[in-house]
């Protein structure tokens, strides 16, 4: 079991040392995953809300599909995006493969169904309560969506944080579309996978500890800012 | 005063409303030609709230039709406001609740500020303008929903038990509102259990039971002695089955 | 899902032996002949060695001599037994911008890649293959440095993933032949340099020591080693073909003679 | 782009053929992930509800931690469980390493924070509404938890399905603790990773399509059963 | 009939309740020694609901103490039932709502079946026993919460505007319930805005405004002419500030 104390020591040491390589990797991880979550949320929040409030033929199917897409395996998402961005693929000319942009796209695809499904659930409950009133006011679909998202913002946060968790912890997709190229597309999780395959479990675990610490910091920040902003008027 | 009113007449013809095969409103037909206050009376579960929502275009009739002047119920809604039996308040402050409603009806920011202050003051809620609306007391919440509807300056006001949780003076205030509303030639339809209140305010009465319209009469005649025996027992406070 | 009844052993192995299909071909035969079920965990060389050191495998199969010797010397393994070899090849785009095709000496090929600054994708994962590649660079005088990053890319991943990248960016790459032959996403890539003795890739078997880990199934493990290194086992290895190509060349009988 | 048509053809072909190996892998995937989700839900639902309804010192910290643990990287979870179950680890004697049981444990750890965090959020809202009434009845903590979970069951479903998505799609942890041993611990995702590393992208994608189809079936079943059970009395 | 009552006297001494620095109840002290009906009167936002919740042990006083006989408010709750101003209904059928409450109070399955049927019948909700409770009409919901409290057979019943949404006959039914409850020597405390109702039923009155208790008097004396001038204006239906 000395691997665990070893790992804690490695983590402490890495943190104390603040090696530029580590900082680079951490910053890239954050940049990629936060961008992916923001992008996914911008699309998934309105879409999830729309599906929640608008009855249309086939909605049940869409809901099930949205839930099912939470099971998209990262490796498959990685492969599909790899093929699309590949030189011989339809978007090859963009030259995005093996860049952080490709990683953002991949994580965005993975995170989108999670935020959309959880948003749908949350907005659905709120909509049950607000529906008649909003219709009484003659609110249009977009006005309904913004009202529901705004009033549900504190609850929607957990779904967004779940999406962030999926993104920052994910390795299968980013390693395929990013290539884990040193100084270019290497992030926390791909480094952890690499150290594991090297058999350097202490380093892998140490990096894992740092990743969780970063997640704690991000969550604390989001909950503190989001919480204090919403407590006033709930 | 009888202003020309493009919302009237309200014509409800052969309207039924069913949920899962259960008839909640059954074959209701009536026409309202005049402005002023129409009161909906009837025992609990008679279908008063459902009928109000049908008239407001919130529920689609299973059969039959509803027209306000030349418009169908959903279109007419734009010039109406409804106060629900159970207050629906957004998770925002009292003032923001009114602001939101005004915004949705297209009022400019300048207009809104004035109207918000005025309507909160009217409802005696000036002190709690910035409180989360859902933390207000039962009566304050109900006052707020009425103030919010009033702020929209609608041509038709639909009120579902608006004074149920109000103290006597707030009740009087709402009754005054109803009177001055009616005086400008607008239309109010109100469901209430307060028979004394109906007696004080109503121009005409619709009496319902079990989803059916049993009597439609001018208030004076109805209060003097309804032709329907159930209605007679009802206003005497007896059990109606 | 029940795994077959009867004794079973765990083999920690590098990925090339698994990915090449060799085990899929050998193990059912071994199973019918001995009744022993072999469970192969295929991971990176470093990870495989770590697993064996922790007693989570009975037999280790890797291809990095220095690590193997260290493993045995530290008492984790009983002894190294030579099993087979295949070889490394340098693959690259058919257009061959560095002009290495036909070069005999792999070091010379790398020098041309470096001087033309043609893209080279390195595994960068401390695996046996990666260490061999670094050895070749060292023979040229120096390892690629940070300012070589424009053409020298470290994928930090397994052989397959590295080949996927190389085929995408039209890069050069060192690969073991077994993975290469089985690799399905070759696109423009082809073998450009092969056959030099510097590119030999010997695999060996090590039985994990009962001294370190009393629970190790020494008897069955030894039986597996003996079977693979027997004449019969070695013939089977030599007979394994993919697309008509022999992937592994038996070493055990010759080594035993020495 | 023939990879995509290729992949669809592969998927169709695999489905038509119904190869026993494929069936074995699919069934193991389902068995492992469903067990992990059920186990995680049994623990996370009451815990999430407890944290939602019981104010205690440090609750804010627990909530943030629960949210942050959604970011646990699978590889790290895999490593930790590997070290614990390793022959020389504290639970080595159990002999669970490289068995489906180890994979269930790993996925359970990954899924637990997701279900717990989403349960907390959902129950918190419901509790706001029920709190005074339940206290008026003198309900004990456990009675409150069961009431809230039962009345929130339809809403909690989405969180559980998010957990299932994470489990069935996950590869980093199961490949470490399961070892991807053929006929023993090989599941859909580890097979996809293996085929990818072999460069057989068509096969990998084909398997990915099948995995998503399976997720659709599971989600449909859960939503249909759960939905019809709850619609009656909501 | 005056039974010996281990819940009484209710002694509220120097109780204040503050939220975010705002005083909702301020320095309220009173004692209730006798069974029967105590009515809480006061304008909207006076603090009636808050005081009921404090007495029921649902809100912790910021200062001061509340005792029911020998017990504190939280312990006493076990033998009490409260009907909230805004109905809280579980997402279950009407019958299951009552069943759930009885289960939590430890009733056996056999007991429960009988009591559920009886209480639904009493409330006139026999027909809708298996309907989702939250789909019932406003009055049906309120009846159900009263039936649910009644089913618990409590020694003390706390009612917050229990007849606000009830039709006249249901209101009469609830008033009868209150009378028969009081007749068995149990205690009821009720907040209401219906002054006629208070006149009909109350044994004593607590009059509140702005979180303060302004008058505590026997009903007859209070209704005859309250000593507090605000209270006098309140029961006359005037604006109270």
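Going by the order they are written in, the chains are A, B, C, D and E; count residues from 1 in each one.
Going forward, contacts are C-beta pairs under 8 Å (C-beta built on N, C-alpha and C of every residue); 3 or more make two chains touch, one makes a residue touch a chain.
All of these numbers come straight from a predicted model, not from anything done at the bench.
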Length of the shortest touching-chain route, subunit C through to subunit E: 2
Shortest contact path, subunit A to subunit E, counted in steps: 2
Chain pair, most C-beta pairs within the contact cut-off: A-D
Distance from the mean Cα position of subunit D to that of subunit B, given in whole angstrom: 50
Between subunit C and subunit D, centroid-to-centroid distance (C-alpha), Å: 35
Chain centre separation (subunit B, subunit E; CA means) in Å: 28
Multi-partner residues of subunit D (at least 2 other chains): 89, 196, 201
Sequence positions of subunit E contacting 2 or more other chains: none
Contacts with two or more other chains, residues of subunit C listed in rising order: 158, 161, 164
Touching pairs among all chains present in the structure: A-B, A-C, A-D, B-E, C-D, D-E
Subunit E residues within the subunit B interface of the complex: 42-45, 49, 85-86, 124, 128, 136-140, 143, 160-161, 164-173, 193, 195, 234-235, 237-240
Residues of subunit D touching subunit E in the complex: 129-130, 132-139, 143, 147, 151, 232-234
Interfacial residue positions of subunit C with respect to subunit A in the complex: 43-50, 124-127, 146, 149, 153-158, 161, 164-165, 168-169, 187
Subunit D - residues contacting subunit A, complex: 1, 3-4, 63-65, 67-76, 79-80, 83, 89-90, 113-114, 117-118, 120-121, 125, 155, 158-159, 161-162, 164-166, 168-172, 176, 188-189, 192-193, 196, 201, 204-205, 207-209, 211-212, 215-216, 218-220, 223
Contact footprint of subunit C on subunit D as seen in their complex: 24, 27-28, 31, 86-89, 92, 97-98, 100, 179-184, 194, 196-202
